[in-house]
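Structures given as structure tokens follow.
Next come two complexes built around chain A: one with chain B, the other with chain C.
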Partner chain A sequence: MPAASGQLVVFAVASFLALAFALLMVVQRSPVRSVLSLVVTFFALSVLAILLSAPFLAALQIFVYAGAILVLFLFVIMLLNLKEEAADEDDRPVQRTLGLLAALALGGLLAGATLRAPAPGGVPSPRLIPAPDEIPALGRLLFSDYLLAFEALSLLLLVAAVGALLLSKRKFE
Partner chain B sequence: MSPTLAAALEGAAKIAFVWACVLGAVLPNLIWVERRMAGFIQDRPGPNRVGPFGLFQAVADILKLLLKEDVVPIYADRLLHTVAPLILLVPAMTTFAVIPFGSTIHLFGRDISLVIADVNIGILYVFALTSVGVYGLVLAGWSSNNKFALLGGLRSSAQVISYELAMGIAAISVFLAAGSLRLQRVVEYQASGTFLGFLPLWNCFPQAVGCLIFVVSAFAETNRVPFDLPEAEAELVAGYHTEYSAFRFGMFFMAEYLNLIAASAMMATLYFGGWSLPFLHLTGIAGSLASIAVFATKTGFFIFLFVWVRWTLPRFRFDQLMNLGWKVFLPLSLLNLLWTGALVLWRVV
Partner chain C sequence: MTGTLPGVAPMAVPPGAFLVVATLLFAIGLAGALLKRNALSIFLSIELMLNAVNLLFLTYARMRGDLAGQMIVFFVIAVAAAEAAVGLAIFVALFRVRRTVDVDKIALLKW
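Now for the complex of A and B:
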């Protein structure tokens, strides 16, 4: 099946890019390049979302994360004019050890989950035509089954916005 | 011929058609139109020496950009300095994929919808790409290692993020009325009836405020006068592209024009009925071809509007720009959403 193998190639490239740039983001010394690596990772993730026939998710991933949140990151980094991090001075040994332990625990958990997951039942049928409108269905779900979580999240965002306003006001007094 | 092959051929033909029109016909002529219009508005001839009426001026301009020396400052971040114009150019070139440029045409026994990809996330796709373009501006400013360029880059990111909000909420009202994010559906909806019995159902009538917000925000999003603060030459030399020369500068130039064309096409599609004519149903192959002409005319009008405004209005101050975006347009766009919601609820539109 040529279409399916094409999907496999795209999947392989996108996953490789996502992982490689995620790694680059952590290893990179220059904060600007770190942010940019994360942008590439988000793009690769949105390609994966398209492969799963979820273009809405892919567009939101780029629109919200890459287009708004990371631009703000970049904006702040440039405004503060952060240069490359100074050479390693191990001034926080406790955090470093705890961070390493937490990362190992998370890695182990993810590896275990991947190994125990049931094998996928064959390659999903390729869809050349975009999926039927999944957006109304998504909206219906958000306002019925997940209403509580949805409202709680919007409340959280509101609190964050008010808090940010308060913090920025206090500085001028 | 298998359906997959036919679909692939159809897609390739549409891409070739759109890019031939945009890159081959509109873009070079736009350079000429802008320079001649500037001359007309400022009461001078404008470029009139290269070819009849100076029509080949675009060729001369592009050749000049290609042949100039390409300078990269020593302290610039070489990688990002090279990539930045591309980040701006690629989204600008791919926006056209979802804009419907005509109705459905019946050719070779197939019904061909005249849009490259009528994806179900239509408007969102355009917004996602626009928001990616910001990286090009910001990185161009940052990687140049130049104060003016950095200031230009920062301004552009602040400006584009601010106006994207109002523009996005104005667009939400459009698909609230049309009931779909699909742009082809948005056009069909506008062609489907009348507003108050005597006006066409173009979104610019029931949502006049939203239309105004969208059009003005488009000027800010494309960094055109009166909102061209990222490259305000009086204070920032040339803003984010100060350190760019030759064809790298040409890429910024091209991206700006492509964004302008795409924004004009979006205005025509979202608010002015796209390829449809009011009270007339275009049918048959001739009708489909006429719909392409109608779309081109409407888009051409908005391109003309961009050029007209550029040479007529002075530049805003940055605080005025921010005030307008956050304190006027954002609340107004929310009110417009409320208004459209009421219209939809009481089935007026």
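Now for the complex of A and C:
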């Protein structure tokens, strides 16, 4: 089926880009380059979200993550004028190997566990994803079942904005 | 694991592939959080881990044909935005006092 193989190709390219630029983000010493490679990873992740029939969240991923959060990171990095991490001065060899080992072990464990996990059982949810119009269904759900969480979230965002303003006022020292 | 629930539209890409990509991304983010010294880079790695979990939620939502998984991702993204605002403000305040965001040098509460 041509549509299916097309999706496979898109999946392969997007997941390769996501993983490669995530690795680049970790290997990179310059914080600005780290942020920029994470932008590519987030774009690739939003392509994967479209493949999973979540177009609204794919758009949100680009608007909020790549557009707002990472730009905020870039602003702060340039404001603080951060330089590259020094390469040789006390390179913490023990922590480096231990951290790498821990990450590899956890990654292997999680990959194995998710692959062995039984497929979701039971009955399909009553909120089945309607193929052509997920977004209206998502909006209806947001303003009915999740209304309280939604309102709490708007309060949280307000508190975070006020808190960030207070924290960055020049009052310490 | 492959396949979706009966009654849910089948997927062209096996869902196990999405799960493996998500766990690999999570492991890469963990490696970054453990290995980086710059507090901002550690924070970036944590954002990557959040995104890996979001991908996992979206995959399971698709497998179950359930919009609740997409809803959780919506909330995670919004909370991550709040967290980034407050966290970056803390780093700016910290930088004003200590002139560094190197977590090896900010060890006042370490021992």
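Quick note on the criterion: the second predicted complex is superposed on the first by the 130 of 173 C-alpha atoms of A that agree within 3 Å, B and C clash if a C-alpha of one lies under 4 Å from a C-alpha of the other, contacts with A are read in each partner's own complex, and residues count from 1 in each chain.
By our rule, a residue touches a chain if its C-beta (ideal position, glycine included) is under 8 Å from a C-beta of that chain, and two chains touch if they have at least 3 such contacts.
These numbers were taken from a predicted model, which means no experiment stands behind them.
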Next on the checklist: Let me test your reading of the model: by the given contact rule, A:A59 touches which partner, first (chain B), second (chain C), both or neither?
Outcome noted: first
Checklist entry - Between chain B (first) and chain C (second), which does A:V13 come into contact with in this model arrangement: first, second, both, or neither? => result neither
Next on the checklist: With both complexes superposed on chain A, which partner does A:E134 reach: first (chain B), second (chain C), both or neither?
Outcome noted: both
Checklist entry - Between chain B (first) and chain C (second), which does A:A103 come into contact with in this model arrangement: first, second, both, or neither? => result second
Checklist entry - Which partner does A:V39 reach: the first (chain B), the second (chain C), both, or neither? => result first
Next on the checklist: Tell me the contact category for A:A68 with respect to chain B and chain C: first, second, both or neither.
Outcome noted: both
Next on the checklist: Applying the document's definition of touch, where does A:L147 land relative to chain B and chain C: first, second, both, or neither?
Outcome noted: neither
Checklist entry - Can A:L155 be said to touch chain B (first), chain C (second), both, or neither? => result neither
Checklist entry - More chain A residues touched by chain B or by chain C? => result C
Item to check | On chain A, positions contacted by chain B and by chain C | outcome: 3, 56, 60, 68, 72, 79, 128, 131, 134
Item to check | chain B residues within the chain A interface of the complex | outcome: 4, 7, 80, 117-121, 124-125, 127-132, 134-135, 138-139, 141-142, 150, 153-154, 157-158, 161, 164, 180-182
Checklist outcome for this item: In their shared complex, chain A is touched by residues of chain C numbered 1-9, 12-13, 16-32, 34-38, 40-41, 43-45, 47-48, 51, 54-56, 58-68, 70-71, 73-75, 77-86, 88-93, 95-97, 101, 104
Next on the checklist: With touch defined as at the start, can you tell me which chain A residues reach chain C in the complex?
Outcome noted: 1, 3-5, 7-8, 11, 15, 18-19, 22-23, 25-26, 31, 34-35, 38, 41-42, 45, 48-49, 51-54, 56-57, 60-61, 64-65, 68-69, 72-73, 76-77, 79-80, 82, 85, 90, 92, 95-96, 98-100, 102-104, 106-108, 110-111, 114-125, 127-129, 131, 134, 137-138, 141-142, 146, 149, 153, 156-157, 159-161, 163-165, 167-168, 170, 172-173
Next on the checklist: Give the list of chain A residues in touch with chain B in this complex.
Outcome noted: 3, 32, 36, 39, 55-56, 58-60, 62-63, 66-68, 71-72, 74-75, 78-79, 128, 130-135
